[in-house]
Amino acid sequence: MLRKRIIFTLIYEDGFFNQSRNFRLQKVGNIRWLEMNYHFQDIAFSLDEIVVLNASKGDKNLKDFASMLNRLVDNVFIPIAAGGGINSVADAEVLFENGADKIVLNSALYEKPNMVRDIVRHYGKQSVVGSVDYINQDVFIKNGVQKIDIPLDSYIKNLESMNVGEIYLNSIEQDGTGFGYDIDTIQRISSIIKMPLIVAGGAGNEKHLLEAISLENVDAVATANLFNFIGDGLPNARKYLIEKHCNLVQSV
Amino acid sequence: MKVVIVDYGMGNVRSVASALKFLNVDSIISSEEKDLNKADKLILPGVGAFGSAMEMVKARGLDVALCEQVIQRKKPVLGICLGMQLLGVSSDEGGGTEGLGFVDGCVGIFNDEYVIIPHIGFNQVTPKSSSRLYRGMGHSLDFYFVHSHKMDSNSDIGQSYCDYNGNFVASFERDNIAGTQFHPELSKTNGLDVLKNFLELF
Amino acid sequence: MNKKEVFWCKSCLNMSTRNRISFDEKGNCNACQWRDEKQSMDWRPRQKELVDLLDKFRSTNGNFDCIVPVSGGKDGSYVAHQLKHKYGMNPLTITVKPALSLEIGDQNLSNFIQSGFNHIHISCNPLVLDRLNKYGFIEKGFPYYGWLIAITTAVIKMAVNFKIPLIFYGENGEVEYGGCTQNKDKGLYDLEYMKRVYLEGGHDKVLDRIKADSDISDADLSFFQFPEQEILAEVGVSFTHWSYYESWDSYRNYVVAKEKCGLIEKDEGNSDTFTNFAQNDQALYSLHAYLMYLKFGFGRATQDAGIEIRRGAMTRDQAINLVKMYDNAYPEELIETFTTYYQMTNDEFDAVLDKYANKNLFEKRGRVWLPKFDVAQDFSYEEFL
C-alpha cells in the first residue's frame, strides 16, 4: 500500500536558508546552521522527502545553489527535489548532476511550456514536480510577485495535461502563519486532478500535518517552517502522526 | 572493493555514490571499458525514458561492454530503477524498445484506470524467501519508488513483488544479476541494507 | 534558609520569576488565562465603550483629539491607523527619539509617517538622555531608562500643551504578556499606575541622582518631569490601552502595519530571537532583553515564543527548542557600541551585568553567564536570607 509522505521544504536565498511568512523571507542561517540545528543526516529519517527551492532574486546563481545542494545531499538517503529559476534543460541537468532526484518547476510551467515538455520527455514525468503558488483563485509566478491570467483550477487541470509528475500546491496566504493548511482549496483541487498532490503553506504543528494528510486525495504534506520544527520537532511530528494511524513509513 | 557506477548520462549517480561512501565503499562513476574491467561490482542507475536510455547506452558502447562484464565474466551488477528495467528484454515505452536482455522481464506502463501514475512514494516489498538482497531484513519492507513503467516476468528471475493494483516486479536477482525498481539510495535504512547485501552477497 | 520554587507556565513559557505574574491552580499564567478569556468573551460591551469614548473626545474643529505614541513599529502604527481610518479620529502621533536608533527603525518610522500621519518627533537633550540611560543601566539594570521615562513624561507634556486629553497606548503588557492584572478590566487609568508599573517606582530615585550632578539643572530635565497634578487635572489627561477594547494580536498588527504603513522587517533576523518584525527601533533593546534574561531567566525569545503559542502558531514543545537556541544571547556584536555609548570599559560594563545576574539562576563560567536550569524544567533552590 502506497504510503503518504512528510516533506520538508528548504527555502534558499543567496547562501542562507529562510523562514518565509506570506512569501517575505527572513534569513535564518547558512548550511552550517542547518547542519548544527537540524542534523539533517539524522532528521532525514523522520522525513520522506526534502524539497529545496532557490528563491534568490535576480541572478539565481545556479552554481552556488548546485554546490549547496551537493553538500546537503551528502549522507541524506531520501529523495531530494530541487528547483527555483530553472530556465533551460541545461539548468535541470546541473541540478540532477548535483544531487537532485526530481526537479521543481514553477514560473517555467507558465512561461516555457516547451522547455517543460522537453524536460519531461528526457527525464520522465516522474522527475518533474509542478509547483503552484496561489491566493484564492489567483495564481502567482516569480516568487509570488506576478499574477497570471489563468484561474487556479484551470491552471492545475492544464498542468495535468502537460504531463508533470506531481503537483506542489502552495498557499501564499497561509504561508508562514502557522495557522494550518488551506484545507478548503486543497479538498477542491484534490478532487479535480488524478495525480500525486503535495500540499504546502501554513503548517505550524503536527496537528496541521495530521489534518491535511488525513484527506483522501492528499499524497504528501510539506512544511517550510524552519522555526517551528527545529530540534526534535520533526521526529516528534512523525511519531504523532503514526500514533494517529497515518499511513506513513514506520520503522526504518 | 571497487564499485563502478555506470555512467551513461542519465541517472542520479551522486546519490548512489553518496550511499556507497556511507557504507565505506570506494566507487567511481564511469563509462570507460577499462574501468568496468577493473570493477568488482557494477551499479547501473537510471532516471528517465527507456528509449533515450538505450540510445545513450549504445552510443557509448556500453551494451557490448556490459554484456562482456556481466554475461561473460559474470560480474555482479545491480540495476536501479530505469537501470533495472534496462537489464530486461524490452519495454513498450515509445512504441517498443529492446533492452539489454540479461534477464527475462518485460517493461510496460501501469494501467492508470485504477491507480495514479507515476507510482511515487514509499511502498512495501514482500521479499522472496531465499532472497539475498533482503537477507536479514523483515517481511514487508518500505522502499522509495518513482516510476510510471513496471517490469513483469513469466520466468523465475528471483523476483520479489510490490503491490500497486496488482503485483509487479519490485526486484529480481539471479546469479550475479540483480535489479531493484525502487531506489535503495533513497530508501533510508532499508535501502542502505539492500545495498550492503548486494555488496556482500553477490 | 528559604526554599524558592521556580516554574514555567503550563501553556506558554512564562516563568514564575517574572515580576507581578500570577498563575491559576492549573499552572497557567495570567497571560494565558487572558488569552482564553479573549477568545470566549463578548467584546461588544468594550467595543461600545471605545465608540462612546471616541465619540466623547472626537474633535469637531480640526484639532487633534488623541495622541498615539509610536516608534514606527507594528503596534503603534496599527493603533494609529485604526483610530484614523476606522474611527475617524484625528490622532497626533509622537515619537521620542531613542538613543542608538537603528537604521531599519528610522526607515520604518519614516514609512509610517509617509503613509499619512501627523507626527511630532521629540529629541530630548541627548546629553541628559544618555546620562539618565547610564544611571538607569547602573542603578536599575534598565539600559534605556531615560527613554522609558521620556516616552511617558514627554508625551504627557505634549498632551498638556496641545490640550489633547486622550493618550492611546497599544497593549497592556502586564495583561497580555504576564504581570499585574490590576487594570485588566479597566479602560482608563491614571498616572500613579504608570509610575508604579512602567517605571517600577524608580523614576524619582534616578532623577534625584542626576540632579545631584552639577552640570545638570532642573531646566535640562524638562522633558523628563511629570507636569504638576493640577495642570494635568486641568486638561484632564486620560491614558488607555487599545488592548482593552479589541483583542490584541501582535501578528495581526504586523500584517496591517506591513500593508498600510510600509513596515519592513529585518532581513537578516536577530541573534536573540526568531522573529524579525518586532523591536527594531533601537540597539539598546537587545541589552534590555539580555538584562531581563540575567535577572529573571527568560529573554526575548521566551517572550516571542509566548506570543506565538498564545496565538496558536506554535506548540509549547516547539517553542522550547527555540528558547533553548536563542534566549541566552550575550549581545557580542554590540558590546563595543554599548561601552562606547556608556563611556565605560568592558570590565565596568560586565560588572553591571554581573550585578544583575541572579546567582540562583546563573553561574559565571569564564566571561559568560550560564543558566543553572533547563528550560521548562521546574526546579527549586535554597535562598540564603
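Residue numbering begins at 1 within each chain, and the chains themselves are lettered A, B and C in the order written.
Everything that follows uses one rule, which is that contacts are C-beta pairs under 8 Å (C-beta built on N, C-alpha and C of every residue); 3 or more make two chains touch, one makes a residue touch a chain.
Please read these numbers as outputs of a predicted model, since none were measured by experiment.
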item: Overall pattern in which the protein chains touch one another (line/ring/star/complete/other); value: line
item: Chain pair with more C-beta contacts, A-B versus A-C; value: A-B
item: Euclidean distance of C-alpha centroids - subunit B vs subunit C, Å; value: 63
item: Inter-chain centre distance, subunit A versus subunit C - centres from mean C-alpha coordinates, in Å; value: 39
item: Chain centre separation (subunit A, subunit B; CA means) in Å; value: 27
item: Sites on subunit A at which at least two other chains make contact; value: none
item: Two or more partner chains touched - positions in subunit C; value: none
item: Residue numbers on subunit C that touch subunit A, as the complex places them; value: 251, 255, 258, 265-269, 274, 276-277, 308, 312-315, 317-318, 320-322, 324-325
item: Touching residues on subunit A, where the partner in the complex is subunit C; value: 19, 21-22, 24-28, 37, 177-179, 204-206, 227-233, 236
item: Of all residues in subunit B, those that touch subunit A in their complex; value: 10, 12, 14-15, 18-19, 22, 47-49, 52, 82, 112, 116, 118-124, 142, 144, 146-148, 163-164, 183, 185-192
item: Subunit A residues within the subunit B interface of the complex; value: 1-5, 44-45, 48, 70, 73-80, 96-102, 121-127, 165-166, 194-196, 219-220, 249-250, 252
